[in-house]
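In the two complexes that follow, chain A is the common piece, with chain B as its partner first and chain C second.
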Partner chain A sequence: MRSDPNARAPLGLKLAAAAGLLFMHVPILLIFVYAFTTEEKSYQWPPPGFTLRWLEVTWNRVDVWQALWLSVQVATVATLLAMLLGTLCAAAVSRTRFFGRETISLLVILPIALPGIITGIALRSAFSLADIPFSFWTIVLGHATFCIVVVYNNAVARFRRTAGNLIEASMDLGADGFQTLRHVIMPNIGTALLAGGMLAFALSFDEVIVTTFTAGQQQTLPIWMLEELVRPRERPVTNVVAMVVVLVTFLPILGAYYLTRGGDSPAAAEK
Partner chain B sequence: MSSAAAAILPPRGGPSGAASDAFWRHPKFLLLLLLTPPLLWLGIIYLGSLFALLAQSFFAIDHYTGMIDYTPTLRTYRELLTTPANLDIIVRTVLMAACVTLFSALIAFPIAYYAARYARGKWKALFYLGVMLPLWSSYLVKIYAWKLILAKEGIFNWVLAKLHLYWLLDAYLSLPVIGGNSLSVSYTGTFLVFVYVWLPYMILPLQASLERLPNNLLEASADLGAAPRQTFWSVIFPLALPGAIAGSIFTFSLTLGDYIIPQIVGSSRLFIGQAVYMQQGTAGNIPLAAAFTVVPMVIMGFYLWMAKRMGAFDAL
Partner chain C sequence: MTSAVRFKNVCRHFGAIRAVDGLNLEIAPGEFFALLGPSGSGKTTSLRLIAGFERPTAGHIEIFGERADAIPPYRRNVNTVFQDYALFPHLSVLENVAYGLKMKGVAKKQRLARAEELLELVQLPGYGDRSPAKLSGGQRQRVALARALVNEPKVLLLDEPLGALDLKLREQMQEELKSLQKRLAITFVFVTHDQGEALSMADRIAVFNEGKIMQVGTPEEIYRAPRSRFVADFVGSSNVLPPDLVERLTGTRAWASLRPEAVRLVSRGGHSATLVSSSFLGAQRRAVFDFDGFQITALLAADAKLPEPGKTARLAWGESDLHLMEDEPVDGPEGAA
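Coming up: the complex of A and B.
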């Protein structure tokens, strides 16, 4: 049919693909327009006028800053934990074949393969059974659990591409295990880990379903957004926060894309 | 031989050298060391809570006192499966998940096909990021965007008014089941947001399976005289199906468990996720909530088993 690599796509296919991409992007672009609207009581379109006032109003909001700060802290700690656990797991799974290896892969993927509400409610009921009060750490616990898989996937893909004979060569040349780790293994998997970490950060930063079950009175930024979605109080501030959230999550995604270009596609593997 | 003697080095000095040698000699020990922390974490925190939750579904709540009765019973499951309202919730959620999956596949296919078979160089990267950015942008912001679009004074109604198509929307909304007072409180609204939010999860595996489609199969099909339509149905479709099924695992599972989208854009009729949320929250009926979560787990277990038989995991 289309053997010629320079063959042109049929018009229908082009239109359908373009329409699909538009469908995916126009709603997000709308957020950017609404962040500057002068209308504050409704979602009126087209906006009656544009203003930068809401940026300033949002900047001065203490609750937004607190929610943002909590989200950043949770995402940082959860990402570090996930990077540690995910890398260990990936190293174990890729360097040896052992009984139950497939089961471990399944176990790592399970927290995101099952609907988030199951993870959330399971953790919540476990906390209440064990009499653990909700805190910063209960949120982190939940987030780290489903972030492991992102780091794991990235690390496994990179370990698979890293030739085993590099490690053998290093050992043959007299390096001990730690020197090999430091001078051979780490430089090889470093960018994959970084990319995995960025994606884990983005995942944690955005998470809301599990968080509603594992947070007490504290508000992460998504919880703050959810409150505003259910009971809109200050639409202009919500609009600005929505825009900032989109911008902030784009950065790690672009970064992860840049770091792993031309090899394993990290973000595509699993969200 | 002298060379052999030189090859056997003396043990390394210092604690780190000794540890390094020990790891080399006992790889099982190193493996254990690597695996213990993640397995402890996932085993205790995740599986532990999951089993604790499952266990609770075998208790039942005493409707008079509101306390949980800790004697094993199947009463909660009977309540789940015999109450018509609960069955309605399950059927509604599964139907919605099926529709969302089907439509996501329909919208995803042209994008995936174009990206896999025609896009080159710069366009390829553009398509990749074009799918990746919506995939990773905030879930809540995406829902919020649809709230803006579907609002009465929002852009959707504005476009319809400009095109003088308002009567069409009114006719659509007067349809039973899928209609409602406005799009934002109808099944159609919920459906649209679901499709929008999960679409990238369908595109990626579909694209991956289409990229593996060998060109010479298409050529052979054309050489043997097949019309493009025939090639599509007898060559492309069967080979893309595992990818679509892999994508459907996500769209299906995510729709089954979501409780935020139907709460924000939708009618007041509940979905499984909302039922779970209400039962554990306001109703305080943890056993019933736990039993409800078993439904998506069983459905997904069955779904994954089917998907595995159809070879979808190779497309992931």
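Coming up: the complex of A and C.
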């Protein structure tokens, strides 16, 4: 049952809500502020002065560009891999009944419930055991384990809402398997896939723990930041990078949110 | 003459479940044919076998003389109106109707024009731009019909097409479907669990139970001369009289059906029975009598002179109204399936 949507919340509740939101978001704003401070050795409050110098410094740092480029590559490849495997898995689980279906569904979701450190250690020892050298591809595989989950979850929900008889209706009207995929299945699960892909990209882009265990000498952007915090040189550069990371991960998540809002998804609208 | 659809010893088993079990059936071209039965009786599976969504586990199906075993659904000249319409939510009404032509590679201009014609046929001209989500149940039903007809199928399959509509709309659509079928002269095969719908619309009916056909015939044959207790009971609400009683009445030991509307009240002669209860139905009055320990339901005129409940009345019916059936004349509840 829903309470009256027009009822006003008591003042205490409003204050508590405001305090909660501030607690979550003010520290992030501090990061932004420090990106423009003139003080470079320590985080001094209030900042003695403001400058845009660090933007330029960051722009000219080769190590930042390398880390950023690696992160983008890893996130892109992991996301594509997750979209392919996650969708196929969702299709299998939602479209057919077979022995062990629930178990498979659980096993696919499990990696996101496991602490990253366990996934990381497990993968590291598995890679060592199989004599696989740590490389770009081991990072991608590590990230794909949890990226698949997000894509799978998005796709499986949409597959369930896309009535199975739409596919039969398409076949009935003369469309073969490929035409049905292109004209019926893709338009109906497209937004869910895109949303899942965006979330996966964002997750991969700021992943630290699994990456520390599966990377060799490479530094992804979050790893680079972690190392940078220890070295007190040109500190605001880290803050500039942090700002970029926030923007790069926030926008896809926002986009995914808009794409999957319940009511206006095409398959739900027909019911 | 070649049958439009022909089942030859068709079985469709799902593991231990015999959804369709040894089906033999011929549907003539241009017929309005009903597959009638309770849920789980195999009627929908039979329809899906014609459409090609199911493959027979044994036997085969011919569509206009051609064996259909190896033909996938998208190459059969058969189209389906689905129970919940299955309209494509991401396409407009017009695009939905034109979908079949698009798959055939018909140019955009022609296929949209043709789709518009079909919308006119189902009395939805000008609805093409809307989204299926914005239509009422009855309108969606018409769109589904137009979409299924766009490829000019030789056989149109309808799966409980009126099930989701309210009573008034359902009666109107029954009329429309019937006249549409006459005009287009396409073979219609429709699945229903509603015996009234089957009786009023179909040229012929196949009554299904437990994966088997119990009886095939015109609505009148099925109604007047049910061959088994199942058919008598499922089609209309017949009084099914057990062999003992029938033997006393006619001298033949067999199960018999007696339609409630065949029972009359008489002042003398006939059979004496005790009134149990009666209810007023508007145009008619339904009365339940106790006759020798068996309940007999009668549909009488609304102004019929009934005695008080518990008092006796005299019932009569024509000799031919007591229809003997082919079931084994075994008494008792285990025989009364």
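The rule we apply is simple: the second predicted complex is superposed on the first by the 253 of 271 C-alpha atoms of A that agree within 3 Å, B and C clash if a C-alpha of one lies under 4 Å from a C-alpha of the other, contacts with A are read in each partner's own complex, and residues count from 1 in each chain.
Quick note on the criterion: contacts are C-beta pairs under 8 Å (C-beta built on N, C-alpha and C of every residue); 3 or more make two chains touch, one makes a residue touch a chain.
What you see is a predicted model, and the numbers here were worked out from it, not measured in a lab.
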item: Chain B versus chain C as contact partner of A:Ile132, first or second or both or neither; value: neither
item: Partner chain(s) touched by A:Asp172 [first = chain B, second = chain C, both, neither]; value: second
item: Which superposed partner A:Pro187 touches (first chain B, second chain C, both, neither); value: second
item: Superposition-derived comparison: chain B or chain C, residues of chain A touched; value: B
item: Touching partner for A:Ala91 - first (chain B), second (chain C), both, neither; value: first
item: First (chain B), second (chain C), both or neither touched by A:Pro46; value: first
item: Footprint overlap on chain A, where chain B in one structure and chain C in the other make contact; value: 171, 174, 176, 267
item: Touching residues (chain side chain A, partner chain C) in the complex; value: 163, 165-166, 168-176, 179, 183-184, 187-188, 266-267, 269-270
item: Interfacial residue positions of chain B with respect to chain A in the complex; value: 9, 12, 16-17, 19-21, 23-24, 27, 31, 34-35, 37-39, 41-43, 45-50, 52-53, 56, 107-108, 110-111, 113-115, 117-118, 120, 127-149, 151, 153-155, 158, 196, 199-201, 204, 208, 215-216, 218-219, 221-222, 228, 231, 249, 253-254, 256-260, 263-264, 273, 276-277, 280, 286, 289-290, 293, 296-297, 300, 304
item: Chain B-facing residues of chain A, complex; value: 1-3, 5, 7-9, 13-14, 16-17, 20-21, 23-25, 27-28, 30-31, 34, 42-46, 84-86, 88-89, 91-92, 95-96, 98, 104, 107-108, 110-111, 113-119, 121-126, 129, 141, 144-145, 148, 171, 174, 176-178, 199, 202, 206, 208-209, 222, 225-226, 229-230, 238, 242, 245-246, 249-250, 253-254, 257, 265, 267-268, 271
item: Touch list for chain C against partner chain A, complex; value: 51-53, 72-75, 78-80, 82, 84, 86-90, 99-100, 102-104, 131-133, 147-148, 150-151
